[in-house]
Structures are given as structure tokens and as C-alpha cells.
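Next up: some structures, all given as C-alpha cells.
The following pair of complexes shares a single chain, chain A, combined with chain B in the former and chain C in the latter.
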Partner chain A sequence: MYSLLLKQTDAVNRWMERYGVRFGIYKNGEFKEQLFPFDAIPRIISHEDWKMLEVGLIQRVDALNAFLRDIYTEKRIVKDGIVPEDFIYSSKGYLPQCEGFIPPKGIYSHISGIDLVQAEDGTWYILEDNLRIPSGASYPMIARDLTRKVSPETFTDSSLIDNRNYAQLLRDSMDYVNVDNGLEVILTPGRYNSAYFEHSYLAEKARVVLAYPDDLFVDNGYVYYRGLNNKSERVGVIYRRISDEYLDPMTFEPTSLLGVPNLFEAYRQGNVAIFNAFGNGVADDKGIYYFVPKMIKYYLNEEPILKNAPTYLPIYEEDRKYVLDNLEKLVLKDVSEAGGYGVMFGRDMSPEKLAEMKHLIKTESRRWIAQEIINFIDLDIIDNGEKVKRKADLRAFVLSGETTRVWASGLTRFTRNEKSFIVNSSQGGGFKDTWVLDK
Partner chain B sequence: MVLKYSHITVITFSSLIHAHSFSMRCSPFQNSNQRIIEENVSAIPHCNIARNTDSMGNTVDYGYIEDYHDSFAFESRGIISISSHISKESNNPLFFYATPLTSPSSDLIYLAHLLDARAGEEVFIRQASDLIHKHVQYVSGSTDVCTSAEAAFAQGKGVCQDFAHIAICLCRLCGISARYVNGYMLGEGQTHAWVEYFIPSISEWHAYDPTNNRVVDDSYIKLAQGRDYNDCRTNHGVFRGDVSQTMHVRLSVQEVLNGNYLYSNVI
Partner chain C sequence: MTYNIAISPAKASRLYWLGRYSERVCSTLHMLHKCYDEVVDNEHTDVHSDFCVRMGIPFEYDNARQFLKNYLYNKEKTYSVINMLERVKDNAILLREELKSESLAYVEMAINYMNQASMDESRLYDLQPVTDYLFAFFGAIEERIFNMDALNLILIGKYVEKSELYIRFDYDLARIDESLCRLEHFVNVEVGLCDDRKMSAVRNGINEMPMSASIIDNLNTIFAA
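Our next item is the complex of A and B:
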């Protein structure tokens, strides 16, 4: 069903180069922009699988939003002994400044990027939740646009769901939380950000303003956009692509030049919606991941539809013992790292390294989680004209507004290195279109 | 005690600056111990001053000055009646976990071993304060706002902020929730810092001034509370301009006797 498209791979990549579809990478302190290579063989998700994924993802994101609201208000889940207190208070992502505040319409995670893999037996597993600034939706968006352009026949023949509604889903969510019908903006740190292409592309597609930090200021408790000829316009919602710590130098990192001074105060007064909310890091911490199935039961009183990868927390004695005995076959993750950093495979460690890590697991047990390695399905890619198998994951995008909706698409990333298991785009790698069949 | 306070902060810049955002925590903390009789904040250059309550319950006055200026003055003044500094309020785990400014060094952990929390929190805080005074000397200007408890303790010198941070660190090491308080003290020419600690048996927060080694009484005005100094910063600003700046603070806190404050209200 995609054979015609394969002949056009180079054409698609050429178009992407012209459009500047790039991904920036910081390596050894240097900023490099590189193309994000597109592989024309799509990942195809069956209709039945998608139906299951859709309800499972909605359930998960609803529970995570309920968790965030609970953590910043009553903390029932801590008082009821489900999540240990120190998992909240010593989490880097927990912001005490958010205590007691509920954002507009009670939504914390407006865009959630949920990473999944499919095991060889067909079971889908959740790898991680990204509730801060999940990036990547623009790549499948433009890829679909371009593949439709270079090979229109492919899409008249295939019975797949049209995914060209992401910008509309985004707009719906932004409209829903907009305070006093103000201006809607995407706030970018600027062109040296790794996802700058995405910021500008989404602003264009969603027909909202692309704002730089200097364009915004806070006066008398409200946020304004500095328009042409000093005409300032009240801002109602900011889809920010700057992380919490840099977003307001008055409340967080004081040396940040990327932020908008006093933005947090205006937000806490309920005068502007921040999309996603401040403080979401407490819910997508790799340690908190372990508790998500429990959250689903606790808040929704439902059985989790999607599974976590089998995970062990060394703070629990039984888990610690298992991890120390089986480290060689597990993957160890540093909970404070993101973007594929701090992920270590036991089987790749030297005996000295194993001993060192075991010591750290004993002395700093809160810092680690360990997981079974899932043998996930390899996907076909074309490498130098040959069809080869590579590891791949799927980032699904879930948008919360009046209702919670899943974009019938996603970002399928694959490793180019045949030995690597890490598919994060911060570490190189390419992507594919994701086809969801409609029957 | 009824106290009349005036707190003026003047910042002078060596040349013109603009796009100046500020945020101040120098209005009295609002709780039932502190009855505000009158209260006002103002800024020069004149601008809108918005008011918010932060997650710690502190009053934040903040604003923005777009135009060029070479000095900034902010005044907080008022008359307040203080009953005590004991508040009936539940514990909050937030005040139990160490922060970068209050995290312990091995010396502080050793010091904590010399203390015994079983004697009760009120005895504990006195003992801790006595112990701090044996090791740390009050030397004004010996530390700055970024100095941690651990660093101040290591150099054996500090100011009220450091005494408070060290006391908080010791409390938390011994299982007592403690928080930092910034405020005014009768007769002092600058803002002062002390601690509040939680007593679970009666579910109350009590206040102690480790710098002066005494219980905080009704001659103190509480402005802000937090996990450490960073949550209570009196004054914070961001502006455009390549300048040097000097700050002057004029603070006066006087007792108002015989209902004289009524007179000032009439004016």
C-alpha cells in the first residue's frame, strides 16, 4: 500500500530540507542543527490496536491530570499512602510555588506526549509520559503533507485516518483555557532551540502568534504582547516552549534571559493560561511512572488499559534485592535525566561499572528505577537502499481541553544504529509517518 | 504591641535603565496574629502595583516600569497590631525537606547529634541556638544572600539570615519542621530573619530568633515565610541597561503608644 511512496523517499527528504525541518542538538557544548531523516515506510497501526490505544491513553492522561491537581492541592494520594511523600517533595519537577493553585479549567497537562513500544507478542507498553513540553508533532504533520504531495495515489488507495487535524486539536485546547478571550501565542526561546522549526510551524498551522520572550511583558497583573507601533494586546493563553525554570526570572532561575518577568504572578492570579502548566515535572518523573497504574485505580476507579514496562523501585526492599541480583539483564535509568540521557543497560556494563552501579543503587536508591528490557518489534527501514530492521518507538499526542482526545497519528522514531535501543531524537535517529487504519 | 513601620528601598542606577520589572515582599504577612490598621505601598517612578499571594501565603507587590529612569524607590508603610507569633496551623511537609540554602554539611550533621529533640521542641530550639552561638559569630557583612547554612557555619561568621538557615537545618536534621521568616524588629535599621518551628503535640508553629537567642515576641512584624531566604526575598528586579547600582534601605519601626495611631488615621 505504500510501494509508490518508497520511490519518492528522496523527494520527501529534499522537500524537508527546503522547509528547514531540522532538529538541533547540543553536543559537547556546541549547537548543531541536523536534518531529521525521514524514512518512507510508514508504521501501520491496525484499527483494533488504535481503538485500544486511544481509550488507554485518554485514561492515562486523565489520571495524570487528576494526580497533578491532587498533588498541588489536597495530596490525598500521599495521605492515603499510595505515593510516598518524598517522591513528591524531593522531585526536581515539583514546584512549591504552585501549591494551592488550580490553573484555568483545572487542566495541567494540555499536551501530553506518551511514549510507547510494541513488544514482539503485539502488546503495547508505556515507556514514559512527557507532560512538560513534549515536542515532535510537527514532524509527522509535515511528513504527511509532503508524502501526499509527492505521491497522492498512495493516499487515495489507503484506508487510513486523515491526521491533518493536529493544528485544530491544538487550537481547540488553547481556546478552551484562554482567559478573557485574549491573544493566543506560542512562546519560543528563539532559533537556537532544538525544536525551533516546530514552534514556527505550529504557530503558522494553528494560526496563533509566534512570540519571543521580549515580545511579552507583565503589567498590573496581566500579560501583554508588544505589537507593532507600541500597541499592546492582552494575552489569554501562552503555549510556552520554554521550561519552567527559565520561564520567569523573578520566581525561578534569576539569570534567565529567556523568561518573562512576573509571568508566574500573573498566572497565579488566574489572568493567563500557561500551556502546559507550571510544575508538571512532578508527574512525569521516571520514579512517578511506577505509580501511574495505581493512580488510574485511585482516581478513576478503573483497571489500567495500557501496561507499564515491568519496573522496579530500589527504595522498596524487595525490588532492590531483585535489581541487585539481576542488574545484568535490566535497564537502569537515572530519574533526574531526560532525553535518553542517564539510561544504562546492565549487559553493557563492565564488572567494575556493575559494582559501582550496585553501590549507587544501595546508597542513592531514590535516584534510580530499573526496568526489564522489552524486546520490541523492529520496524523496516531503508538504509542505503536495503531494507533493514531497526528499533522504534511511538510518541502519541494527547490533547486535553473540554474533552481529552488522541491525535490519530504520532511520531515514530527509530534508531539508525543497529545496536542502539535509544530512539530519542536528541540522540540522533530518524522518523517515520504513522498510519492509523480506519477500519 | 502596636507598631508603626516605614520601609523605604531606594536603588540608584549609574545611568538610565528601562523595561524594569520588580517584585517586593515587604508588606506584612496576613494572619490573625497581625491585625493591619493601615497599610500602603507606593513606588517612584509611579506605576501600577499589582498584589498577589504566593504559595507560602506571602503578600507579593509587583510591577513594571517601561520608561527610562535612573532611580527606583519603593515604600511600604503602615500601622499594625501584633498579638503574638504563635499560630495554630497544621504541619506542612514542605518545611521538612532540605533546600540548597539549608542542606547540611557533615559538620552540621555532627552538631545535630549533640542535640536531643526528645526534650521537646521549645527546649530544642534554645539548645540549638546556644550551640550555634558557640560556633558562629555575628559579623555584619560577612555573608551575602547566596550564602548557605553550610558555608556560613564553615566560616564561623554570619548575619541573621545565616543564623536562621543553620537553625532550620538543625531542626530538620532532628525531625522538626522549620521555616524561615523575614520581618521587622522594633528599632532595627534593617530587615531581620528568624525561624518558626512546628510542635506536633499541640499543632502550633512557634517563633524563635536565633540571632538574638530569644523567643520572638510582639515587637516583631512578620513579612514573609518560606523554606529558606529565597522564598522570602524582600526585593527582586530585572531591567534593561548596562549599569551599576547601589541600594539604600531606610527602615523604622516604632511603638505607637496610647492609641496615637488613631490620630494618624484621621490625617
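Our next item is the complex of A and C:
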């Protein structure tokens, strides 16, 4: 199905270089841009699997949006004893400033990046929900564009869904929440952000303005884009690629130079949509992940379609005992870390490290979750001209607007290290296109 | 899908400098070819010192070969061609949504080629692809930029740079005038962005011989943003 494409791998990589498809990393305090290694063998998802994933992902994101709305307003799920209060208020992502406010059209997570893996028995598991600034859609977008260019025969008569509609899905969501038909912007911290390529590429393809922090200002509760000749334009929606804490120095981190002063006030007055909303971090906390299946039952009165990886919370006595007794065969995650950091496999720990971690699990129970290691399927990649098997995950993108839609594609990331399960680009991973079959 | 069109002063400045640096790379490579052409007839001609004086850069090399190597490839020197090309990229990379990826690709290819040439210490005549890529870039942006203000700002930068270099290298008055005419056209379209009085002073100044240094000062400050 993709054999012709494989012969053109070098050509695809040359095009990637030509288009500057890079990501940035900081090493030893120095910023470096590097090409994101692309593997031409696609991940192929069957039509049946996709149908199941699609409804499962929509269900999950709808529940997460309902949770966010509830948490910042009535807190029914806490009052009803489904999620412990402590898990909300001790979460770094919970923002008390958002209490009582519902964003435009009631949507909190406009773009959700849901990380999944497929076990060897074919079962799909959710590994993580990313509801703040999930990145990565641009890479399969451009990969499909380039692979179609260099190997059109591969796609002739193929039965895969064309994924080149992501920019349109993005625009539809932005248009839907746009306040007073204002200017639509993607707000980037700048060139030295690791995902800068994506910010600029999405702005190009979605035909919105790429704004830098100094381009925006707030006047009398409204956000404006600073124009030429002192003519400024009202902004209706900001797809921000800057974290909550740096987005408004008047409300959050006062030393932030990346933010727009008083942006939060304009947002709270309902004069601009922030895409994704402030305060979403409370719902994609690794600890809250445990409760998502319960949220689905609570808010939607449905059985969860997609499974969580079996997860244990050491704050519960029974779980803590299990984790302490079985740490050698579990994966331990620090809930405050992201990007593949703070993930430790018990089997790789020395006896001293195991003892240290067990002590921390007892003394800082809230800080950790433990999961069974899912033996997820290896995907073929080409490494130095040879086909080898490597661990890979899938980030699916769910866009919420008038309806909730799943992009029929996704970012498949793989590890290049034979013994590693960590697929993050910041740790040397590569990516593949994700083909979804339409029959 | 409708377009969101807006240009901030910072973006306008990037567009302008993108035009200037792109033109500077093309024109200086061209000027270098012309200077070294003189050596063909007289190998003792002191072309590099004359070139440095005209460009307003320090004259700090013992011979033409050393000068050329540093002028082309020395990343430590702000005036080197490779550095100018980096400035093209610095501005272009921040403007992808206006230029479009297909246009930006020509800048990527120019810099990749230049970096390889630097490692190989390629000779001047091997750098023609850099000029070709930048010419292709100028063609591509005319095709792909739909925001006419953005395109005009790049072209204002381009013709400020071209006019300045023509003046510095004592080009024929008619050539200078042609370049200024193009510049004036874009200045008149972008009402309020450029200083009309300075534009007039430049136009009047080129008719006086010898031309005063203030012409170049005026040219360099025409763009107000």
C-alpha cells in the first residue's frame, strides 16, 4: 500500500527541509532547531477502529468540557463525591480567577490532544489528555501534503481519508467562538518556542493573523491588534500558544514578558474568546485522568467507550499498598511533569532508587500516579535503511465548536531508541503520518 | 475561508527589512562579480579596498582572496553575505503566514546552499544559485502574497536597498532614477507609511553633482515605522 512511498523517503525529507519543518529544543541553555525525523511508513487505522475511536474521543472530550464548566461553576461532581475536592484545589492547573465564569459558547477545550496507544491485543488505551496547548497537528498535515506530492501513485485509488482539512476545522472552531466577528489571531511567544513552526504554519493554512505579544493590547476591556498608522483592529478570538501563567502579567506571573497586560480581564468580561480557555490544566492533570471514566458516567450517563490505562492513585490506601508492593512492574508518573519528563519505570530502578521512590510515594502521595505497563504494539520504522520495530503512540486531535469533531488523522510519534517507551520529540522521537481508512 | 488581514508596526518592519536584506544579498553578489571582473584586466587592481569604501565596511584584509573569503562566509562579520542571508531568514521565518511556505522555501534553500558553500569554501561564481533562489523568492511572493500592503512593504525595502547601492557604486543616473521611480510608486501607494518629504529630497538630490551623503540618510529613513 505504501511501498512506492518508501522509495521516495529521501525526497520527502528533502521537501521537509525545504519547507523548514523543524522543532526547537534547548540543550545546555542553548536553543537549537532541528528537523523532526519523519518515517514514511504510515500508521494505518482501520475504518472499524476509527469509528470506535471517533465516538470514544468525542464522548471523552464532551465529558471533559462538562467537567471544566462544572468545576468553575457549581462543582456538582465534587459535592456528589465523585472527584475529591483536594484533587481540584491542589492541582497546579486550577485557576481560582476563573471561578464563576463561562467562556464564549461554553467551550473550554477547543482543541484537545488525546494521547492513545494500542495494546498487542488491539485494544486502544488513553494515556493522557492534553487540554491546554496540545501541539503536533502541523506535522502530519504537511507530511500528507508532501507525500502526495512526491508519490501521487500511492494515493491514487487509495481508500484513506484526506486529512488536509485540519486548517478548516480549526477555522470553523475559531469562527464559532469569535466574539463580535473580530480579528482571529494565533498568539505565539515567538521564534524560540519549540513549536514555532507549527504556530506559523497553522496561521498560514487557517488564514489568520500570527500575532506576537507586543502586537496585542487591551483598552477598556477589549483586545486590539496594533495596526499601522495608529489604526487598531478589535480581536474576537485568540488561539494562544502561551501557557496560562505567562499570558497576562497583571493577573498571573508578573514578570512575564510574553503576556498581554489585562487580557484576563477582557476575557472575563466576555469580550474575547481564548482558545483553549484559561484554567483547563485542572482537567488534564495526570491525577484527574483517573477520574475521566467516572466523569463520562456522571455527566453523560454513558459507559466509557475508550479505556484508561489501569491506573492507581497512591492517595487511596488500597492503591498505595498495591503500588508499593508492585512498583517494580509499574510505571510511575510525576503529575506535575509533562513532555515525557517525570516518567519512571520501576523495572529500570536500582534498589536504592526503588526505596527512595517508595518513600516519596508514602510522603507525597498526591504527587504520583502509577500505571500498569501496557505492552503496546510496535510499529515498523526505517532505521539506517532497515525495517525495525519501535514503540509508538498516537495523538488524536478533537476540535470543539458548534459540534465536537475528530480530525481523521493524528500525530503518530515513535521512539528511535530500541529500549525506550518515550516518544516525545524533545527526547529524540520521530513522527509518522496517520492514515485512516474510509472503508 | 476568509482572510484575516492586519499588519502591526513590528510586522511592517520585518517585511521592510526582509526586502532590504534580500536585495542586499542579490545586489552585493552582483557588485562583487563586477568588481572582480576588473581584476581580469588588471590583476593588481585594488578592488577589495574600493568595494569596502563604497559599502562603508572596514577594510581589514591583506589581499583580495582573504577579503572575499571573509566577506562571503565569515559569520562573525555582520556585513558578510552569509550573515545578511541569515537576516533574510530571521525576518522571513517570522512571516510565513504572509509569504506562504512555498515562498519561504526559497529562502531556506538559499541559506542551505550558502552554508554548504561555506563549508566547501566555494568560489564566487559557484554562488549563482543563491541569487537564483532569491530571484525565485521575489517571484513567488508576487504570486502568493494576497495582502498588498505586505507585498508593497517588502518592495519598498527592496527598492530602498537597490537605490542606495546604485548610488554608492556610482551607477548611471538613469539606472538610479529607474530604481527610485519604482520606490516612489510603492511609497505613493502606502500613504502615510513613508516620509514624502524625504522621498522628494532624494529625487531632487540625485540631480545635483556631486550627490550629497544626505541622500543615503534620507533613503534609509524614508520608512517611518
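What we mean here is this: the second predicted complex is superposed on the first by the 437 of 439 C-alpha atoms of A that agree within 3 Å, B and C clash if a C-alpha of one lies under 4 Å from a C-alpha of the other, contacts with A are read in each partner's own complex, and residues count from 1 in each chain.
FYI, a residue touches a chain if its C-beta (ideal position, glycine included) is under 8 Å from a C-beta of that chain, and two chains touch if they have at least 3 such contacts.
Given the structure is predicted, the values throughout are model-derived calculations rather than measurements.
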### Query
chain A superposed: clash or fit between chain B and chain C?
fit
### Message
By the touch definition at the top of the document, which applies to A:Tyr225: first (chain B), second (chain C), both, or neither?
### Response
second
### Message
Under the stated touch criterion, which partner chain does A:Pro249 make contact with: chain B (first), chain C (second), both, or neither?
### Response
first
### Task
Would you check which partner chain A:Arg171 touches, where first means chain B only, second means chain C only, and both and neither mean what they say?
second
### Query
Which of the two partners, first being chain B and second being chain C, lies in contact with A:Glu99: first, second, both, or neither?
first
### Query
Using only C-alpha centres after the superposition, what angle do chain B and chain C make about chain A, to the nearest 10 degrees?
90
### Message
On the A-aligned overlay, A:Arg18 touches which partner chain: chain B = first, chain C = second, or both, or neither?
### Response
second
#### Entry: chain B versus chain C as contact partner of A:Val185, first or second or both or neither
second
### Message
Just to be sure I read the superposition right, which of the two partners does A:Asp215 touch: chain B = first, chain C = second, or both, or neither?
### Response
second
### Task
Name the chain, either chain B or chain C, that contacts more residues of chain A.
C
### Message
If we overlay the two complexes on their shared chain A, which of chain B and chain C does A:Arg207 touch? Say first, second, both or neither.
### Response
second
### Task
Report the closest approach of chain B and chain C over their C-alpha atoms in the superposed model, as a whole number of Å.
14
### Task
Would you tell me the residues on chain A in contact with chain B in one complex that are also in contact with chain C in the other?
none
### Summary
chain A residues touching chain B in their complex are 85-86, 89-90, 96-101, 217-221, 249-250, 254, 261-262, 265, 268-269
### Task
Quick one: which bits of chain C touch chain A in the complex? Just the residue numbers, please.
1-12, 90, 93-94, 96-97, 100-101, 104-105, 108-109, 112, 149, 192-193, 225
### Query
Which chain A residues qualify as touching chain C in the complex?
17-20, 142, 167-168, 171, 183-185, 191, 200-201, 203-204, 206-212, 214-215, 225-229, 233
### Message
Please output the residues of chain B touching chain A within their complex, sorted ascending.
### Response
19, 21, 23, 48, 50, 52, 54-56, 60, 62-64, 66, 93-94, 96-97, 227, 231, 236, 238
